[in-house]
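Working notes, structure below.
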Amino acid sequence: MSDWSYWAVQTLNGLQLSMLLFLLSVGLTVIFGLLHFVNLAHGALYALGAYIGISAATATGSYWAGFAAAPVVVALTGILLYLGLMKRMRRAGPMNQVLVTLGLIFVFVDIFRLVWGDIAIGTVEPALFTGRSELFGVVYPTYRLFIIGLGALVMAVLALVLSRTQLGAMIRAGVDNDQMAACLGVNVEKIFFLVFCVGCALAGLAGAVAAPVFSAHPDMGTEILISTLIVVVVGGMGSLRGAIAGSFLVGFAQTFGTVLLPHVASLLIYALLALVLVFRPTGLFPARA
Amino acid sequence: MIKTVTGALVCASFAVAAAGPASAADYKVGMLLPYSGVYAALGQDIDDGFMLALEEAGMVDQVEMVREDTEVKPPVGLAKTRKMVLEDQVDVLVGPVSSGVLGAVRDFVDQTKTPLIVANAGNDAATGENCSPYIVRVSFSNSQVNRPMGQWMVDNGVKSVYTLAPDYAAGQQQITAFADAFKEAGGEVVGQEYTPFRTTQDFGPYLSQAQSTNPDAVYVFYAGSEAINFVKQYDAFGLKDNTTLYGSGFLTSPLYVDAEGPAAIGVIGSLHYIPTLDTPENKAFVEAVQKKYDRVPSEYTVQGYDAGRSFVEAIKSGATDKEAIAKALPTVSYTSPRGPVSIDPATNNIIQNVYVYETVEGDDGKLTQKLLGTVENVKDAPNGCEL
Amino acid sequence: MLEARSLNRAFGSLVVTKDVSFALDKGERRVVLGPNGAGKTTLFNILAGELKPSSGAVLMGGRDITALAVAARARLGLARSYQKNNLFGELTVRENLALAVATARGAAGWIMRDTLSDAGIAEDVRDAALAVGLTEMLDVPVDAVSYGVRRQLEVGIALSTRPSVLLMDEPTSGVGPGMIQAFHQLMHTLPRELTVLIIEHDMDLAFDVADRITVLNYGEVVFEGTPDETRGSPMVREIYLGEWDAHA
Amino acid sequence: MFRQSLLKTLTVLAILAAAIAYTFTTGYFGKELVIEAATLAILAISLDMIAGYGGMISLCHGAIFGVGAYTYAGLTVLFEVNPFLAFAAAIVVSAAFAFAVGAVTARTHGIFFIMATLAFGQMAYVLVFENKALGGDDGLAGVPRLDVSPLGLDFNNSVQFALFAVAAAALSYAAAAWVLRSGFGRTLVGIRVNEARMKAVGLTVWRTKAIAFAISGALAGLGGAIAAQQTMFVSPELMAWMVSGTVLMVVIFGGIGTLVGPIVGAVVWVFLKHEISSATPYWHIVAGTVLIITIVAGGRGLYGQIEYMVERRRLKRLAAAGVPSTATGREDETHA
């Protein structure tokens, strides 16, 4: 393997991780920006997405069944949580939200154990994306390229919706000042609900997409949670730009940290988080100045 | 007359046993296992294996079981151990899965002279510099399962390896044991990396690095979900096509191999047990496990079974109290499903065969284990152990 | 005593403070007038240290304090009250005042003694409460008192630190006539050596208490003079005092 | 503001009496539970001081606790330092670590503060986990208990050690109550209620926050040093972020901002967890549900709810006795 292609592959690794983190964190950050809600159970929704993805794929024999089912089921679960719990926690302050959703993590972990067992389970990639592809002499797993592509697609769609459509304008208004937006005739509640559903669906999608690469196990949501929170906080909560910047920073720091500074790799993202917060106490691109 | 009296007594004792086995039990066994947390499945396998051995010996009614969840946390494990020894007053302890828990309970077990049958935790030091006459290991030591692979791989034409393992004590011991043996046999380790323990999900960066050193083989130690992720990603990155993946056999344990899927085919590992061993003892065992628990036994099931079996053998030899059980345990020797086993009097670690196996697709399309070679009676050096 | 030198501040392309300069003598009472959006509160924020000016300097007692943070300025004797109530809601009036007094007296870090039961602090609390007419209210939680009382407390907190320079941002905004009257009295009971800068909408009060008046418009100082000069200025009349004519 | 009410005093004394009585009557494991509850109570008190009164929700208290445990264990095991000296050092080192975290994170608020403390806690965890000299993930064994033989006592006797832990918890409560009743404690509450105004009246807020963290850290370190002696073993698990999460749950469960609630929470948690986890391996689901219910029910917690009701009655009585009060005006007041 040539030097050039080695670094190209590592860059792709960084990109792939960044996209996965993006899918996971964008929902979390927009929900925070709009609803001021800190949802630690977001990681558990990701795990649920992975489990649903695997179960649906196993039952039907098609990866795409899981790919389609996971966002829907997770969004439905999100709706139940929203109506049953989170709606009434909206004004309860970040600490109570953190704790309620921490409780949810506990509940979810045991539900996963009861339904899917203690042992990790896995699934295979779709036939369409098995094997490896060659790009400019660089060989890379096709499925990972698919993840990169999907992440970029979601990123582009969200950016377009937010900047170019009526709906996007309303969401931005809501993030800026929800009371003002309500005065301007925006049905804020409806928008909140919609955004919450989309955020959950994206977490579910991330789970289904991650399932063939990582196995699904009860603690997977808790494991990914910290990285996701770091992405969101480093980027600055509530903004798409922040989620993108945070994902890339964390994804690349983690990838190149393991390559270049293997001995401090596990410290690196925490150091990054601490550093950003010391100098920018509300993250790099906060939704509100 | 006498006959009927005896009969009545026998009936009565059965009735008592049925009514309250706790009060009628002759022995108390404390299971120190993870029933929740990342190793819960391992804990369950060990427990099942242990119960099977008791059942086989017809001793279920004579033994009262106390089960405590270590949660894979050393302080919790220690607290539970104290409870079982001081309050429940168990005669023997079985467990733990995690070496961390074993390290935590070692001094306490030694001081209270409570026999502990180690049913998994492989830390070398437990039967090395920190050995104890009360700690008998019937599972394996980290170096025991890996050392034989050094010579075996060189013998099979592998000249250079790249190694990977999680960055914690077990990972380091497993890899070091292999690497030392491999180098001694004339091989070359071209690269070595330790990945952050339990936080590494994406092995991409490491795999690219391994690939760039162009080794004959990659040798790793991973278990649990890390094993599944690693095996799948190793395949996805295409390394498997021209670089065989070797490893400590936990990598493709029957417990995870289904989750790994076709990516596991062709992976070669060394382990103290595989369910496809062609011996009468193993066949009977596999059948019994399938009948009772409806699954293929894993190495953990066998460890649980041997923990139970060695306890049974110790009792059969006439041991009745803690001290006697501790004395009797190291003397047991029998043919286990995994082959002939005995306890090394110098370290209290098990002496057993290590099997080199390849994961292959069976006739029914399911993944299975193909035996490639057997290294017999592998025994650890005392490593500072004085019993 | 307090001096602004060519202060500028912009938010993006919007210039809210433009080359503002003025100087207050010790004991001077200065009122800042100006229509809504003239940049009065921004100016206060710059003087108090809550905003950094884009350029220019703030001096107190001849010392450049531009680089100092809010707390450091407060320790030099610069106190302020806010246009929007900025109180300790769940605490009682007494506790509100005691927090300010204790901080000003350097007792905020006492580990061995309680500031709430300290005689010296209690005396200052009583003085401040008396000055703003809250003696009867001391043990009522702020969350349970009326808006007017909160306005009184807002000034009371600023006063209780025994400042040498006091900035008051529309102390009577939103209160009834009775309370404005009480405020007139308060102004006259303040120690004469205290330097005071007030943003005020109530013209009677402004002309009653001011030694000099500064008028801001679009972030700029457009006029400065005595109350009489202000009354006589056609420019001030044009941009601002139409309202006041109607009142008068 | 903190007030050592009659209810607080009675509750603390009742728990103290119950703990002592239980220690003398229970079996071996019961004493272990008493010690565990006592150390958890110390940690929870330490967290409530800054979270409940200072408004700083720390997710690194597990790590500070661990720093105390490791300082004690490291000094006694690796350097054979006198245990009393190591005990004092544990308190000092954890206070210093906490001071640094408090100082650096002082500018962040809300979820950002929570995450910043998490980051520092995790860094400490990783550093210990990967430090071979401190035993890495294996931890350090053979930690001695304080040698109190000159006093004619023996801490290897579990009754005596349990009483020592209970006494330490009681002292921690007294120390925290003392601090909260001092000028410093008042200032801390002032920062929680309105940090901007505290600055405006001249307070160097970061210093107060850092000192509060240091005091809280000293208590957490004390708890850690006792925990290290209880198990005679330390491992990085002590410092994992879930430990901090658990302590926060305990504080909430008992009643945040009441100082007594955390003790109640710790006692109930330790005993309940023991009962549930011996009944089912799925105890997380129970703990999670209890936590959710606690918060949804108003978030006051077990003891907090009782204190709230008692306080409300007291205020009503005061009002009836003629303490002046005015009509509540509902104005639009935006909190900056």
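Letters A, B, C and D mark the chains in the order given here, with residues in each chain numbered from 1 onward.
What we mean here is this: a residue touches a chain if its C-beta (ideal position, glycine included) is under 8 Å from a C-beta of that chain, and two chains touch if they have at least 3 such contacts.
Worth saying up front: this structure is predicted, and the values here are computed from it rather than measured.
Common neighbours of subunit A and subunit D (chains touching each): B.
With centres defined by CA atoms alone, the chain at the far end from subunit C is B. Overall, the chain located most centrally, as judged by its C-alpha mean against the mean of all protein C-alpha atoms, is D. Between the chain pairs A-B and C-D, more C-beta pairs are in contact across C-D. Rounded to whole angstrom, the centroid-to-centroid distance between subunit A and subunit C, based on C-alpha atoms, equals 48 Å.
Rounded to whole angstrom units, the spacing between the C-alpha centres of subunit A and subunit B is 37. Centroids built from CA atoms put subunit C at 75 Å from subunit B.
Centres computed as Cα averages put subunit C at a distance of 41 Å from subunit D.
Touching two or more other chains at once are residues 113, 266 of subunit A. For subunit B, the set of residues that touch two or more other chains comprises 36, 40, 167, 196.
Under the contact definition stated at the top, the residues of subunit D that touch 2 or more other chains are 126, 130, 282, 284.
Remark: the chains found to touch one another pair up as A-B, A-D, B-D, C-D. Those residues of subunit D that touch subunit B in the shared complex are 27-29, 32, 36, 126, 129-130, 136-139, 141-142, 227, 231-233, 235, 237-238, 277-278, 281-284. Residue ranges of subunit A in contact with subunit B, taken from their complex: 1, 6, 9-10, 13-14, 16-17, 113, 117-125, 131-132, 139, 141, 143-144, 212-215, 217, 219-220, 223-224, 254-256, 258-259, 262, 265-266.
By the touch criterion stated above, subunit B contacts subunit D in their complex at residues 35-36, 40, 68-69, 71, 73-75, 78-79, 82-83, 86-87, 99-100, 103-104, 106-108, 123, 167-169, 196-197.
The part of subunit D that touches subunit A in the complex is made up of residues 51, 57, 104-105, 107-112, 114-116, 118-120, 122-123, 126-127, 130, 241-242, 245, 248-249, 252, 282, 284-285, 287-292, 295-296, 299. Interface residues of subunit D facing subunit C in the complex, by the touch rule stated above, are 1, 179, 181-184, 186-187, 189-190, 193-194, 196-205, 208, 211, 323-329, 331, 333-336.
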